[in-house]
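One chain, subunit A, appears in both complexes that follow, with subunit B as partner in the first and subunit C in the second.
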Partner chain A sequence: MTALSSLTAPQQPYSYGYLDAHAKRELRRRMLKAIAVPGYQVPYASRELPIARGWGTGGLQVTLALVGPESIVKVIDQGADDSVNAANLRRFIARMSGAATTTDAVAATLLQSRHRIPEERMREGQVLILQVPDPEPLRAVQPDMSKSAQMHADADYGQMWLSLYEQLVRFKQYIQGASYPSLVNGRHIISPSPIPRWDTPKLHLASHLTILSAGREKRIYAVPPYTTVAPLEFSDVPFQVEDQSGRACRTTGVRNRFMNEIPQTDGTSQFELSDSGYAEKLANGIMPASTYYDENGEFYHAGILKPAVRPD
Partner chain B sequence: MYIAAKGGEEAIQQSEHLYHLLNGELTIDTVRMIEKSMPYLVDRVMGEGSLYSPELAALAIAQTGGDLYEAVLLLRAYRATQPRLAYAQPIEPGEVLTVRRISAAFKDIPGGQVLGPSLDYSHRLLKLDVLDGTREPQEAFQPAEQPAPPAYPPVAGWLREQGLLAEAKADATQAADIPDVTTENVLFPAPRPHRLQAMARADTGGVLSLGYSIMRGYGLIHPTVNELRLGHAEVTLTHPVTGEKFSAGRVRVSQCEVVSPGGDEKGYAIGFAATLGWNEVKLIAASTLDLDMASQDGDGAKHPAHEEEFVMYHTEPVESSGFCIHFKLPHYVTFASGLDNIRKVIQATYG
Partner chain C sequence: MTHPLYTETEARVRESFLVLMHALSFPGRPQNLPAAQADDAFLLMAEALLDLETTCFTADMALDGLLAQTGARRADLASADYAFFPVLTDEHAASLALAKTGTLLLPDTSATLFIGCQFGGSQASRWTGPGIDNEITVRLSGLPDVFWRQREKAVSYPLGWDVFLVDGQQVIGLPRSTRVEPAAG
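Now for the complex of A and B:
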């Protein structure tokens, strides 16, 4: 007699990669649509995960739908691999998928990030998954999502330009900080995660695929490889990244990278590299890959970033 | 250290360990005690977790030390991975085994007012004797002179017969085809099932807050509770092989209908809400929101609480609580980005 139990697989408490097959199918279809229409926010159901909403569940769902046993996963938060939330997400992804993990941005096949793009240039075949709290760049001018969806459909971006103009009138410069609104593929304005402006040009004509996912707001959008991403700017007042000049990393001495400012008790500030994986390489004498910004702060696509102009 | 140079993983594991250590031991006795003695708490968590399992809800409450948002998230995360094995038959109000059913619209209603279990008319006095070790006298429950019937006709049916309420349109949609807010993206205006499902699993406090704003004065309506009903409903399934209908068990359900003058062709407009478990305050508030959202769809909304999109987004317990607590996460990169601008503006303006 064959025991019934011998004919069945042992029960697994969770599916591979945690999400069930229906959820994965939906996510993959939404991702394909997002890649097909760069910058367009594709709505999706967004399952609850065993991680609090607003703590990277959008990025996590994308990662779990893409991860395989052969994947090499890097997770960063504010640029740091060892931030507690990044550590927690990495632990969960590895536990549910068996994938290898790394702190090396070059070695990773899937790179999930909150608020940063690494300093080393990402390459073809890599996927950058950005966690997004608010996918809607029009939120400040139109909080109602049904109406903002219509504005995207009509490419009705007049109010965005108006808000930029008002910034110039009031402050003589653009004052949008992170998540600087950018036009993708000449068609859709996106809210780039909230990555700092320093990282925004890295999306432009990038070799890698970027998928942005908001779990709470249930929207996926993408910047496919070699797609134009143009931060909104008037032709006579160019977009500016955060000023990193005069800052040197207190540990490695390196300059012209995005720095964390560390306030000191004497009122001064010290600086350290935000990208901990990159810092780790420098500290261990490992040659990093080419970076987006060179040692003099020049961006690798010449002519993209222009000198500051203040309007009269 | 908050952003540990190394050892972040060890720190978060110890942090979680400490949390549980301070809450007392998690045992099956605790779970059973919560399930047995705190059914309204269990109901609230099951309703917001949109998973009917008193045992799992009690476990979630015990496991989180009673942090309800965390308990709801535990149930939701568990539920999200469970397969759909079958769809139950619709629950007809007239067939619910009703233990409480009241109407504020009429002194008496066909079938009668059934007070059932309620604290409504209790004196809210702490029973301090209990702290002295005095056991409450277990008085025998006095049954009514005549046994109440198990089920009652809906009050709305009487209003319809009187021509005071528009006829309900029969909906022939098969259970498996009903739009499902948990597996589909939600766009606005939302299909009615999405709205009712969202209200059923909404945060009790959030629904109360927005519902109260309408009741109190923002786009004032005075909801009259046409019927509030608590009961036990059969979960009737169809056997996949024989096609026979059978009950898989009973669940505690509650539903509420409020009415207000100003229906279309008929006299009254009706607002409806229902949820798993017994949760009266949530349903009165939710059915009031439903009533006003129904009359104010689109651009005519007078107040955010009249807008379906506003109400549905902002009463989601897992999303609202999760986003709120996410502000504990480090934001120093985005802060630095804003700081760069502020410094430039100060320098340019004030030198």
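Now for the complex of A and C:
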């Protein structure tokens, strides 16, 4: 006689990776289209998760659709592995997949990030998953989503250029800090999520695949490897990254990396490395991999970052 | 703490998807599907992407029955999200004029094509575009010239269809963003 239990699969409280098979398949279909049209925001279903929308659900869904038992996952929040948000997401991913976790950007196969790209260069085969609060770069110039979608369809970016020009007229420099609008593959303007300007050039002709996902806004877009990502700039006033010169990390002493500013009671500031995984390596005497910016602050793709020009 | 079971189906579907993702991220580089037998390749890819929310088309009778098992609805080529051609004849290639290329507002509503051919051979082409470090020379055979003419007509970036070329257990991605030119010499 056949026992009933032999005919059924073992009872599972959760699907592998939390999301059910249909959710994962839908997300995967959208990811492929996002890769095929770099920078175009693909609508997707965005399922409910046990964390609130706005706390990284977009990135989390992508990670859950990609993760497997052999994956090595790193999650960072503003560069830090140990913030509450990053630690909880990392623990949830590990619980739902059995994947190993790490703080080493070089060892990770999947790197989910809120608003930073590591200092060490990512390589082919790694996937960077950026959490996106607002995927629409045109929001400030066109709050109506159906109209901004039409502007993307027509590559009608005149208003973006106008807003840049107005910044130059009023402030003599581009004042947009994080999520600096960038043209991907010469066609679609993206918001690269609120990564600092320091990180924006790292997407240009990168070796790794970047997937950006907004859970609340239900949009997913991608920057494939070796794809041009050009921060918007006028030819006579080049785009600038945040000036890190004169800043030294108070624990490691390193310079020319993206720093967190720590205000002191006497009104001065001290600085600390934003990338905690990188700082950890330096503190433990582990040789880090090559970085995007060298010791002198030179970017690894020569000629991408140009000297500052202040218009008359 | 134990994690949810990584079932055989889960593993197969995920690994097939990762192959497709890498194939599309690095156009022109062959990727290996986790297929036990070469015949399974199309089915593995279908299983990774197709379900009742999608439509599919194939001219291959044997594959048609198997695709139905995914739950995907049959459709004609003009409306199918996914189309499978284990062998692409001249007539099939000519019919690709019908396949969806998406709209400027929603370029992701285009078709994805899975086409059988042979990797290697005399027909060399030079591919450039996203996912390709500078350029890559790809050698293919078994693809009718009509296919390339249809692709040229269909792809008006960001419109166009995305293709997975399949030889046995290997897949090469050819997204619409890739520019294909005959190799010099």
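One rule holds in what follows: the second predicted complex is superposed on the first by the 311 of 312 C-alpha atoms of A that agree within 3 Å, B and C clash if a C-alpha of one lies under 4 Å from a C-alpha of the other, contacts with A are read in each partner's own complex, and residues count from 1 in each chain.
FYI, contacts are C-beta pairs under 8 Å (C-beta built on N, C-alpha and C of every residue); 3 or more make two chains touch, one makes a residue touch a chain.
These figures come from a predicted structure and were not determined experimentally.
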Identify whether subunit B and subunit C fit side by side or clash on subunit A in the overlaid structures. fit
Please work out whether A:E233 is in contact with subunit B alone, subunit C alone, both, or neither, and reply first, second, both or neither. neither
Of the two partners subunit B and subunit C, indicate the one touching more residues belonging to subunit A. B
Just to be sure I read the superposition right, which of the two partners does A:E280 touch: subunit B = first, subunit C = second, or both, or neither? neither
According to the stated criteria, A:L49 is in contact with first (subunit B), second (subunit C), both, or neither; which is it? first
So, does A:D156 touch the first partner subunit B, the second partner subunit C, both, or neither? neither
Could you tell me if A:H22 is touching subunit B, subunit C, both of them or neither one (first, second, both, neither)? both
Let me test your reading of the model: by the given contact rule, A:Y14 touches which partner, first (subunit B), second (subunit C), both or neither? both
Once the structures are superposed on A, label A:P133 by its partner contacts, choosing first (subunit B), second (subunit C), both or neither. first
Which holds for A:D77: it touches subunit B only (first), subunit C only (second), both, or neither? first
Rounded to whole Å, the nearest C-alpha atoms of subunit B and subunit C in the superposition sit apart by 9
Report, in rising order, the residues of subunit A that make contact with subunit B in one complex and with subunit C in the other. 14-15, 18, 22, 26, 43, 149
Help me check something: in the complex, which residues belonging to subunit C touch subunit A? 1, 3-7, 9-11, 13-15, 17-18, 20-22, 24-26, 48-51, 53-54, 103-105, 107-108, 110, 112, 129-134, 157-158, 162, 175-177
For the complex, which residues does subunit B have touching subunit A? 2-9, 11-12, 73-74, 76-77, 79-81, 83, 182-189, 307, 309, 318-319, 321-326, 329-334, 336-342, 344-345, 348-349
Under the stated contact criterion, what part of subunit A meets subunit B in this complex? 14-15, 18-20, 22-23, 26, 43-50, 52-55, 57, 77-80, 82-88, 91, 114-116, 133, 144-146, 149, 171-179, 194-198, 216, 218, 242-243, 258-261, 274, 310
Touching residues on subunit A, where the partner in the complex is subunit C: 9-10, 12-18, 21-22, 24-26, 28-38, 40, 42-43, 66, 68-69, 94-98, 124-125, 149-150, 153-154, 185, 187-188, 209, 224-228
